[in-house]
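What follows is a set of notes on a single structure, which appears directly below.
By written order: A, B, C, D, E and F. Residues from 1 in each chain.
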Amino acid sequence: MIKRQKYGDEIAKAEILIEALPYIRKFSGKTVVIKYGGNAMIDCKIKRMVMQDIVLMKYVGLNPVVVHGGGPDINKMLEKLNIKSNFVNGLRVTDEATMNIVEMVLTGKINKEIVSIVNELGGKAIGISGKDGGLLKAEKDISNGDIGYVGKIVNVDIDVITMMLDKGYIPVIAPCAIGPEGKTYNVNGDTAAGKIAEALKAEKFILLTDVEGILTDVNDKNSVISRINFDNAKKLIDSGIIKGGMIPKLKCCINAIENGVKRAHIIDGRLTHSLLLEIFTDEGIGTMIGKECFDDDNL
Amino acid sequence: MIKRQKYGDEIAKAEILIEALPYIRKFSGKTVVIKYGGNAMIDCKIKRMVMQDIVLMKYVGLNPVVVHGGGPDINKMLEKLNIKSNFVNGLRVTDEATMNIVEMVLTGKINKEIVSIVNELGGKAIGISGKDGGLLKAEKDISNGDIGYVGKIVNVDIDVITMMLDKGYIPVIAPCAIGPEGKTYNVNGDTAAGKIAEALKAEKFILLTDVEGILTDVNDKNSVISRINFDNAKKLIDSGIIKGGMIPKLKCCINAIENGVKRAHIIDGRLTHSLLLEIFTDEGIGTMIGKECFDDDNL
Amino acid sequence: MIKRQKYGDEIAKAEILIEALPYIRKFSGKTVVIKYGGNAMIDCKIKRMVMQDIVLMKYVGLNPVVVHGGGPDINKMLEKLNIKSNFVNGLRVTDEATMNIVEMVLTGKINKEIVSIVNELGGKAIGISGKDGGLLKAEKDISNGDIGYVGKIVNVDIDVITMMLDKGYIPVIAPCAIGPEGKTYNVNGDTAAGKIAEALKAEKFILLTDVEGILTDVNDKNSVISRINFDNAKKLIDSGIIKGGMIPKLKCCINAIENGVKRAHIIDGRLTHSLLLEIFTDEGIGTMIGKECFDDDNL
Amino acid sequence: MIKRQKYGDEIAKAEILIEALPYIRKFSGKTVVIKYGGNAMIDCKIKRMVMQDIVLMKYVGLNPVVVHGGGPDINKMLEKLNIKSNFVNGLRVTDEATMNIVEMVLTGKINKEIVSIVNELGGKAIGISGKDGGLLKAEKDISNGDIGYVGKIVNVDIDVITMMLDKGYIPVIAPCAIGPEGKTYNVNGDTAAGKIAEALKAEKFILLTDVEGILTDVNDKNSVISRINFDNAKKLIDSGIIKGGMIPKLKCCINAIENGVKRAHIIDGRLTHSLLLEIFTDEGIGTMIGKECFDDDNL
Amino acid sequence: MIKRQKYGDEIAKAEILIEALPYIRKFSGKTVVIKYGGNAMIDCKIKRMVMQDIVLMKYVGLNPVVVHGGGPDINKMLEKLNIKSNFVNGLRVTDEATMNIVEMVLTGKINKEIVSIVNELGGKAIGISGKDGGLLKAEKDISNGDIGYVGKIVNVDIDVITMMLDKGYIPVIAPCAIGPEGKTYNVNGDTAAGKIAEALKAEKFILLTDVEGILTDVNDKNSVISRINFDNAKKLIDSGIIKGGMIPKLKCCINAIENGVKRAHIIDGRLTHSLLLEIFTDEGIGTMIGKECFDDDNL
Amino acid sequence: MIKRQKYGDEIAKAEILIEALPYIRKFSGKTVVIKYGGNAMIDCKIKRMVMQDIVLMKYVGLNPVVVHGGGPDINKMLEKLNIKSNFVNGLRVTDEATMNIVEMVLTGKINKEIVSIVNELGGKAIGISGKDGGLLKAEKDISNGDIGYVGKIVNVDIDVITMMLDKGYIPVIAPCAIGPEGKTYNVNGDTAAGKIAEALKAEKFILLTDVEGILTDVNDKNSVISRINFDNAKKLIDSGIIKGGMIPKLKCCINAIENGVKRAHIIDGRLTHSLLLEIFTDEGIGTMIGKECFDDDNL
């Protein structure tokens, strides 16, 4: 026996589902590449929330593709195994022993953890690295001298990803690539995600970071730029307003936009349900980079 | 510039989306036949809400099929046109003139209104009648003597429906059928919906009504039976506990269960978002009829 | 026991089938959009013949698409319901009450009658309006001032038609369209048919009318132009030779040709088996408009 | 300028097309295996008519499959080449030299002539022998002692035929089969056609012969049996009423019916448009053998 | 019981399979058109070897298409049948009687022999002529005056070939074509093969001949040109170095390269396993004609 | 310039390819599950050879599926990380820390190494674990008491494998499974491979081991049983002839045969090209277990 009055809460919730409808419709069938990294990958609770968001995205009709980074697990393992690093010009050299550990932790620990959580939450994830199915081909990146098995991506073959999307799976990708002579190369996760987004002509490329977005004043968390044209974004870099680690992230987004991705986003992965907030609200969160000019392009 | 504190509400909403995930997963790709009638078809606000619920169901991966009834529009039109009805044993005879109006209002007014609303809300509906594509074949129903073009369904050809579902459309069906010599017959909407649910081997067959569900005491709205085994439901009818107009509705549900539908539901269409409440909560609403025995099968 | 001599008649008939072979081959797999209206829609016997012709076309491998008009049923119903029309500049205003009746008669009476006949004759028709599946989008046509819910077509989405053709159905389409705010608009049937023919890149667009074709002298039924180049047709209009109601019909054909339809035809729907005569004879009937110049382009 | 009165003839012809509609509908998509032989293969005019009939059948939606026989060309060629035959118990021995000529004439002359005519008439024929694609496997038929490369069919692999039907081609098949050690065997054309009809679960298996059908009195052409149950047909053979060359033909039909073909027909190929008469008239021509009992089963 | 030492030989063989791997990979899924003629078609042992090579090619993933020539069988048959030829300017006239024999031997003897051998060796061949499925259309070749039914190819419709390749068959094609009025025309086998290779955008077009390749000195078998650019090949013809029957063969190859074939080869069909040597070794055999310039382009 | 005499060697090699043809044909399109483990996984040269064999199998039309084991890498890593194991009844307990390392080495090192080699050799491998796509579901194996995250397989979902095979990939699978509460469980590699072979209804299930096959006398390498019926194999176990580690391997094979795999093989992975020897020779190597009785079933 069920009493009528009890439905009050349920109806309120139903109305929230209905509020989400326009966004669900808008992104139905669209591909979203998510670079998952930073704090969102370390904090257990946030990790689970991000995965819930991704599974929800999948079930309401979007095609999420996850590219993850490395995080502290790699350093911990190197330490435990007492593998010392050499440095050239202040940059750590990824020698073969290091590369082996990097690959092992990326593809055998972090990647499989994500797969576990997604599958436990009801999604169907398949975890691969850029080596599987020839997804990512790299050559040695010598822009900072020879620092070992650090690669720059020279080819992306998305067949393995589209196969998975066609069959309803969520691809989870570790940023390793195959290089000359069959050697494994470590590639930057943000770049890998951006290149994959380009190759997939994704609707959205979302970088989960540990900041609120692009700040015009790094000391003022209220100075987040909501939306910015990609040409204006370049000017921001040239003018020196964007600094430090945000520069390569923003460049990554600019490249993606220039190569056919519709929207790139730099959002705060520490925020609860940041992905859903970005997808299912009008304003979104963090910074959105696009090809068009925005009214409030605030430079 | 976006302030962090403002996300409070949004996050709460995101969490409600996440709460819906297990239900979305559970019914992903499943077919749900909804008999839409009664007050839910008259009250403008509820009508729109029901359609929102159906569009949401579609976008989150279910396959809703709508069968609608007639409602007061038919009588209004008959009156306006001054078409008098003959009665045989107290039953109105559907002569050819009446049948023409019934079909015209059903397929040309009610059906198209539903299509309009669904499409306006972002769904892709196609409105047809049981005559289109040979969906429903009928012969004269003489169980109450010859009362004209009142048919009982003798064949259901779901090709036209599965074609639409495969292409992402929401079929909206008026309960007319093709009879001998190409004549149009009026068929009972509940029965038509039930037969279509059977032919589709639907996961759910939901009857939207103007009551809270099956009541053990028609005067006590708290006497709703939540869940009942279909054999027990038959006994309820035999024992005389179920009375009046609820008998054919319940029989319709029992038939559906016997012919392969997984769950049949009699729910209160007057209730805000009744469909979502049924699909997206554990307890659901109204009465559920199933093949298995339930713990709380309360007879 | 069958006697040999009796086959004489049958053999003669077989030879006629064989005569049709070159035409069947020529149009095998081709799409033909037929605007069905005028007397052919009123006279019961001709109606049935037209539908037979269409079913035959389907079975011998063509893809007929039927767009129908309104006819006298609409006015009769408006009269019966005592709905008075306002006039602006001599043009009747389609207010909401009128529009409701127009839609109801078009989609609930005329459309379903055609479906009934086609299905009875062994075809598999599905009757829809331009609102179903988002087929026709319109906006208010203000070329004659604001005369209410009269629309001009701004978008044609043929997915719903190609889906039906792929599955062997005959689409039967009522000329209603969806307009701003989900309102229904009445659109001209000839124009709707022409636009649909364009969107389908149809082989033929056939207008069934109540005249012999385009006449150079409206008083001389022998002055039919058999074949005319579309540019010459424009000149005929400009020079004033074509008059009255034939002008919009001819413009409709010219537009269709300019937008990719191979042949447009204005034929006499009152003539027995006019469609078959057009398709299955060398000379065809009525007037054919094409992109190329014809030897006998008789201006 | 076209005069109205001239349409009289054309309309009469259109009506004959319309008369054919029920038969076209009835056999739409059905497979018909035709054993083409006898006089119909010798008389140039009849040959062309048969092929016209087959092309028409294809274009109106049936799936004809042609198996042809040998005819006098083989003997003529053997004579010209002065190849003498040995006889065992009065039966000609097909030695290797003979077999080579038989195959060459069957597949290189008769088969290709049929293909030419069909293609010239607008069909798309592909001519193969039972050796192509492993269609027919045979072993030596020793039921009459060892008379050389005369085979009985032990396997039918219809993949090559269904491939062609799926793509709209008309398969034309010469009755050669592949035997042990890759040797070519000659197989009986009627039997080959019957076995292929069985493997295809054909709707009809039609034997074109030089008689009116099965006669109860071989001297009375009016004694044709129109329709006969296959069990009754067996009795006719057992009772000695059927005699001579008709026995194997009738057995062939009986086998086909027993193995899933719906109807078998023995018709008079000398008759103008015999195939169309069979398919497109109610009574058909010649003798029909079926699984059911017929009212007029006239024994 | 198996002794270890016995594997020595087997392992050596396995290593040879492994050696073939790079070539198998390189040509996986690629189409190779083989003109099969000359001595390779006469010598029984070589014939069988060529067919083995072709079956192997098929099973390791290539798509071989065989076009065969006529050889001495035609003349033998013409002689036996005492068909005398007329000559115009020294060229034999192919009159209707001759054409009939040519077609019969080509399609009924040679073609079917090839099919037999391929099928016996485990391949699935289907033998057709250019007339089947409308593959080759020709018109009278009057470049040498009117010498009867000698055609030049004016259209290639590869639908019938791609259908067979898609289903895993090996097409075996006799060089007859359909000409005006449905007449059969004899076309040059090399040209037919080249045109088919062009239409298929084949990876390789291989001409099996009775010479080692293109010789710079016809008297020195060591003067074979291994690889040559197609423009240089033209110069060789213009300069008079290439002589006699090699000129049309080389022109055939040049045309193929100009029309999209990647590589053309003139190889010695008398050589054991010449096809495998060409495909599965680095140097290949005979002469390869390509679009690019080769280091050792030895002019 | 190429000299003729030089082809001697090449022709001999071509003949070996031709020798392989019957085996290639026999196994074309068939699925072969290979359990890759033991010495073949440790010795670098053999590892590469095994992968060459697998890539060759793929290119000549078989569908190899690789399941690998763990090997010494796991223990090495546990040692390096100083993870001590607890023992219960002499069995090592796989606690969470151990399981993490086991998974990391299996999926992040061994699996990816195999993928690298296969891809370098021209195959297209995708490396996954039993957790990806829900391939393997396990529950705690308590047959030896609670020894931690050691699982027995309770469900195999081969969708992810068939998807890869359909697209031409070689699946490489690490024997981890998903267990209750989303925990990772270690499962026996032989068992996992056998269960996967069963689910795929594989043609062959090949266990690469470090012995010559099943020996009737473990001290006599000449006592290998070549072929044995699966029931006889059970008797060998019951009678105590089979001992130690061979028992579970043989049981694995027997189960596979009982559940629809056609042949199971226990072969010596240390032998050069052992897989090719098994597939491409008549006698094969090692021990073959099948459903039928063999002539030389030597008990």
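Please note the rule applied: a residue touches a chain if its C-beta (ideal position, glycine included) is under 8 Å from a C-beta of that chain, and two chains touch if they have at least 3 such contacts.
Quick caveat, the model's predicted, so the values are computed rather than measured.
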- request: Touching both chain D and chain E: give me those chains, sorted by label.
  value: none
Query: Which chains lie in contact with each of chain C and chain E?
result: D
Message: I need the pair from C-D, A-B or B-C whose contacts repeat those of D-E. Over half of the residue-number contact pairs should coincide.
response: B-C
Statement: Relative to chain C, the most remote chain by C-alpha centroid is chain F
- line: Given that chain D and chain F share one sequence, their CA atoms superpose after a rotation (degrees, nearest 5) of 120
Field: Interface residue identity across copies chain C, chain D - same or different by half
entry: same
Cα-centroid distance, chain A relative to chain C, in whole angstrom: 54
Statement: CA centroids of chain E and chain F: separation to the nearest Å works out as 44
Message: I'd like to verify one number: the distance from the centre of chain A to the centre of chain F, where each centre is the average of its C-alpha atoms, in whole angstrom.
response: 36
Task: Can you tell me which residues of chain F touch two or more of the remaining chains?
output: none
Query: In graph terms, with chains as vertices and touches as edges, which category applies: line, ring, star, complete, or other?
result: ring
Field: Direction chain F, origin chain A - full chain order round the ring
entry: A, F, E, D, C, B
Query: chain C touches which residues of chain D in the complex?
result: 1-4, 7, 10-11, 13-22, 24-25, 28, 49, 52-53, 55-56, 59-61, 121-122, 212, 221-226, 271-273, 276-277, 280-281, 283, 285, 298
- request: In the complex, go through chain B and note every residue touching chain C.
  value: 80-81, 100, 103-109, 111-112, 115-117, 119-120, 124-129, 131-134, 159-160, 163-164, 167, 169, 176, 178, 181-182, 184
